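First the structure, then my questions, so here it is.
The chains carry the letters A, B, C and D, assigned in the order they are written, with residues numbered from 1 in each.
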């Protein structure tokens, strides 16, 4: 009957049995939020690639207008484009090149007739993909009527911005949840200890040293935090997997194949450890502070 | 010294002082998730409006081909389009109308030369905006080379689908958080009561009726749940407001002016009430169950 | 089964905690109204357990217990609180409610029975003053000495003038003079009709007051007339 | 200040709880090694409070307390545990750890002092058997009767052969025979050098053993030689 090893601190049962569940919940929510951030990050990366490089601005010739007039309008468009932040350079394409592009549609015969064909301007953008295309489109519309940006890139950029905002929000939420989780673990640990003040005091009066008592309670706090955290992480993993399958089913082309980057995995794995560390430190601080009030 | 009203149940101090904070946290997270769902819903609504109505399919004439050949290709495109789910009708535009559209670009002189001008097909979509445009584009590409859908609507639809998936995920998360919140409130309330079993038992032995005892503890559970919930809601409101301002700053045009619909507001306001109700019911059930085990 | 009008009647009662062996076996006795008994027996014999059966905190594992002519097993659950309100209990470990002041602790039985606030106030303060705690009306139990706690517990047990008073070692923590006052109070209550059962280890008490003794040993009960054997 | 080699020395000690008026005032006394004193006084006089000062649970509000020739106020905090390990305390309300078995409760002081497991095992079981709890080694405190709890508390206080034994009403919940055994144990410990202070209300104990009495009343302490006044 004496074989088992005796810990002096009570287990986390009764009032404090729910510490691991609280930690599980917090790790779960943090895991979800962290995953969301990671997915957003990768989507944004992929979309951004689509915006890198260049866009094309089209300047339509007016019917019956002279080449010179159109040239002037291309110049006007160029100055507007070059004044736009995020634009690296803008090169009007040679008429011959444009003709080559239009040929499949209009046919050689027509082209040779010296038709007024549209002028194209190749605009190189910086790598961030953050050039203000919407503003550019607007300014072009007023300054050079009959010019326009090739359409879908403007859209893509708007979407990208929204995704970026979402990512920012997701990161903020991760931070908020992390703070809330830390606060909850602190609360739950202290709550668990509140019931055990008498145990602490008796151990103290019997002659146990402060560090010894604190160690007992720390040990008892780490384990439930660890398994609570692990359960939370597993549940988060399952949830993310399910959501991901669902999302993939609904829409294949826009979502990139998400890769599990090692730093992200490390971050996730750290969640239960962080929970355990917070619980342990809280237990130590709480016990030590309580003891410090005694002789 | 006897003036104050005496409640028989202990206040939620000490071990259970943290019930309101847990509830605050849960209401906070639920509030965030609910708000996210609402914003997504409204964004989707707005984008969907852009997809309603019609799209235009362009069938380019091949150079030098006869009108009859082009007509055949238009017919082929029509059959592909009409076989697509979500398409209500497809009407080829009369050549004269197309000419009218192209006129500003090519000029009357050219048009009168009987050039092979592109044919346009007006496709009416159902109101949901869920027609499979990406699939259509693909099938058109193989069945009728040289035909295409006007570009940005396809994009818009992809984005819309992603937003829908996000909304689904957000709703799932709301449900998960709500469940977790309910579980936590139940846990926290039971934890609070665990410490007070002796009080319950003494009241019982002194001759208090079960319902009377339960009422005392219910009353004590409702109040902290209510104020915890209100604090959580306020914090959620502040967070959402800040995030919203941030998002608006970054990107004006894609986000609709979000309206606070009354049902949404009612849902938010119900969160603290739900927390209080759960706490109250849990307190009652816990006390009653504990009492039922006694003679 | 036999004659009516017993305040307490045990017939072949057995009692156990959980799955453990029986703590009490074949207990048969009855207490008439207005009687006064001591309850003795070595530590761990089952005195507290017997009292638990009497104040309806525990169900017998066999046999029948009747209190105030109500068979406990067959009384509907919602009638038990009424029986309990007619029983005053001094618990061995006091069982005061830590979050209530001494005054509110003592007022508890009156409040639960729905007494008027002003009568409560007056009676409670008076009784606490009588047991020597006039200065501690507003004290929290945790700031009281053990003897003071015990006196609060006694006041709570007698405040509602119970018909049956069960006291488990009620003078274990108080000094001799206070103990005498308390025992005197019990005598007075007994004279006006309260049935008293008082569990104690204190031989001087048993010898001073010549009440019959219920003695528990090895789980069985014997009733002894308490003839003076050299008491003071 | 005066002569060395006092186990306990109080000089003009005052004590209060929080901001309340002083419970003890101007307490001056000293206990030599191997002495045995009773501590008496009416309920609420401050017996437990005085013992709290001795077992280093509370700081005096004024005056100086020395234990084992260490002035408590000037002893570094990390040397106090060593002093405490040489003091055995029977708390008035037992203060057993509810999550540990009777055996583990008693083993606590040995374990904290780092004793070897097999010695612990043997000693503890032997002592518990001696106080009549051989069958309850693995029982949780909440399943014990009050008298049984008190005996566990006593076993815990004496297991490590303390130089100073402070017992607060150690026989309040046990029956006469057990009480005698316990008092006999204390006498034996005292004979081999343990200094004993025993707070009690029980006049028969004080009259049976002729040890000097520390009497507290109205917050002040007087030492009385306990001359036989008619004890058995």
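Throughout what follows, a residue touches a chain if its C-beta (ideal position, glycine included) is under 8 Å from a C-beta of that chain, and two chains touch if they have at least 3 such contacts.
Predicted, not measured: the structure shown is a model, and the values here were computed from it.
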item	value
Chains touching both chain B and chain D, listed by label	A, C
Centroid-based (C-alpha) most distant chain relative to chain D	B
Mean-CA-position distance for chain D and chain C (Å)	30
Euclidean distance of C-alpha centroids - chain A vs chain B, Å	19
Centroid distance [mean C-alpha coordinates] between chain C and chain A, Å	68
Inter-chain centre distance, chain B versus chain C - centres from mean C-alpha coordinates, in Å	64
Touching two or more other chains - residue numbers and ranges from chain D	none
Category of the chain touch graph - line, ring, star, complete, other	ring
All touching chain pairs, where touch follows the definition stated at the start	A-B, A-D, B-C, C-D
In the complex with chain D, residue positions of chain A that touch it	1-2, 6, 8, 10-11, 198-199, 202-209, 212, 294-295
Residues on chain C engaged by chain D in the complex (per definition of touch)	17, 40-44, 48, 92-93, 132, 143-148, 150-151, 169, 172-179, 201, 203-204
Sites on chain B touched by chain A in the complex	14-18, 21-22, 25, 28-29, 32, 60, 63-64, 103-108, 110, 115-116, 118, 134, 151-152, 155-156, 158-159, 161-162, 164-165, 168-169, 172-173, 176-177, 180, 183-184, 187-188, 190-191, 194-195, 239, 243, 246-247, 250-251, 253-255
Touching residues (chain side chain C, partner chain B) in the complex	55-59, 72, 78, 80-85, 87, 89, 95, 97-100, 103-104, 107-109, 111-113, 117, 121, 125, 137-138, 156
